[in-house]
Amino acid sequence: MNNHLTRERIGFLAKDYSRGFIKFCGLKASVIQKGFFESTVVIGENHRTQDNFIHAGLIATMADHTAGYAAFTTVSENLRILTIEFKINFLKPAYGSALRCRSQVVNRGRQIIVAESEVYDMREKSETLVAKGIITMMAVPAEKIATG
Amino acid sequence: MNNHLTRERIGFLAKDYSRGFIKFCGLKASVIQKGFFESTVVIGENHRTQDNFIHAGLIATMADHTAGYAAFTTVSENLRILTIEFKINFLKPAYGSALRCRSQVVNRGRQIIVAESEVYDMREKSETLVAKGIITMMAVPAEKIATG
Amino acid sequence: MNNHLTRERIGFLAKDYSRGFIKFCGLKASVIQKGFFESTVVIGENHRTQDNFIHAGLIATMADHTAGYAAFTTVSENLRILTIEFKINFLKPAYGSALRCRSQVVNRGRQIIVAESEVYDMREKSETLVAKGIITMMAVPAEKIATG
Amino acid sequence: MNNHLTRERIGFLAKDYSRGFIKFCGLKASVIQKGFFESTVVIGENHRTQDNFIHAGLIATMADHTAGYAAFTTVSENLRILTIEFKINFLKPAYGSALRCRSQVVNRGRQIIVAESEVYDMREKSETLVAKGIITMMAVPAEKIATG
């Protein structure tokens, strides 16, 4: 397996990452490597809970979507990634000014791809691990994916 | 245990449900009972993926937040609900015009509350179960919750 | 889809259920229907923890294996079921004289099958739900499964 | 926090690890450090499936129990560890002559402790990661734990 992504592919993935709901939520790709993907989001009022924490739903969205793109870096371009299921533990409350998510593929089977995501809360002077997830995905030919 | 919520409490919960990130995502409370909570969201372009499906992150957010409010109906008013972790399976692709989430408390321990959430895709002629999750939460005194 | 299992198939599944580690643990099939499987185990000293509870590992084994056979009732005979992952919540301590597990298929995709398992603790006068799990499986042709 | 366990405590934990169901399954402690626990099991016929793989239930039992003892190394001696829930992904089939499990505490909250377990299959010439789990536990005073 070639361990490098072309510059063109990296450009495509970075742009493709931030569409639809993900663009709406403000998440952006920051580091892209074969089997690894990092993303960030600057936190605004729209990301918080009634108690001023960053909402678990945003953290979960980031953990899932970034894992999906970590998986996406490992498959050929005509495949798409579907999330079968994920599980996420919220380790500490998140309340900082930004989040950073790092997703790493831990197993690449013929069809099933498993990745881990770690979400860090960017606080004034430090970066704290606030959530950790395992995401199970499936690589599917693009033509098999169609709504309706 | 009193099995009824006061009208005042129901009004409070309905309003409290849709704040911050949840308001931003457009989720709204629809049915509130002791140990049960139902919510809905009308799907717009901002909720979709690059392939036009409803994003798993929105579905997970709904499953988590609605479970949190199902748990919230079972505790005294000075307690808050924190999500410890959740797991969600995506059973079928979602692409309809709205989602409905039904969350039911399955176990109410002294501190740990477990709920299940089922998310339904509202299609033209039917309502299809598209995701199912188990959410583990903790009831914590409000004064112990503070950012920073 | 034919909704009935032949008597022969039921006999095969009942016997096949209790082999290797499962036989060693004492688990037995009790009810077999299309998409549903129930098992039981009489609890002995070998099933307990240092604190005299029934060990979570036994409960998880039962939840996983019984879900696998619930899935097995839905596929053709030349397929095998592999567990991709599972998640289980332990709702209450288990300490009774037997356990009963009920597993139900909740979604049957082309390849991915999802089932839920509920484990009940058989106490003197009642049957109490002590654990609940979601199990994600894959149906694979038998010839693709071979050790080493 | 003192980062060393006394020799006496290590001896106690090693012995305490292998009781009841765990002794029955043949699991043994191999490395014990603050926040980390390693265990092994030599595989026999009783640990296998009908297809000669090592049973997922044994792997899950090992992941859960070893995580429990990793957590146990971080709390005072009058506390006990209860598993609230766990999730485990089976990455590759296991068929070797022994398993090794390494569990690491990833977050130590006031009450909630989260650990990760990695299970390795010991094959003729290599050690292969076959399963990975996240385990959520709770530290509870010993006197609050009693059957019946």
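Each chain carries a letter (A, B, C and D) given by its place in the written order, and its residues are counted from 1.
The rule we apply is simple: a contact is a pair of C-beta atoms (placed from the backbone, for glycine too) under 8 Å apart; a residue touches a chain by one contact, two chains touch by 3 or more.
Values in this document were obtained by computation on a predicted structure and should not be read as measured data.
The chain with its C-alpha centre at the largest distance from the centre of chain C is A.
When the C-beta contacts at B-C and at A-B are tallied, the pair with the greater total is A-B.
We define each chain's centre as the mean of its Cα atoms; on that basis chain B and chain C are separated by 29 Å.
Between the CA-based centres of chain A and chain C the separation comes to 33 Å, rounded to the whole angstrom.
Centroids of chain A and chain B (each the mean of its C-alpha atoms) stand 22 Å apart.
Counting only residues that touch two or more partner chains, chain C has 84-85, 87, 89, 114, 134, 136.
Remark: chain C residues 16, 19-22, 24-25, 45-53, 55-58, 60-62, 64-65, 80, 82-90, 93, 95, 145, 147-148 touch chain D in the complex. On chain D, the positions that touch chain A within their shared complex are 87, 89, 91-92, 106-107, 109, 114, 116, 129, 132, 134, 136.
Residues of chain A that touch chain C in their complex: 84-85, 87, 111-112, 114, 134, 136, 138.
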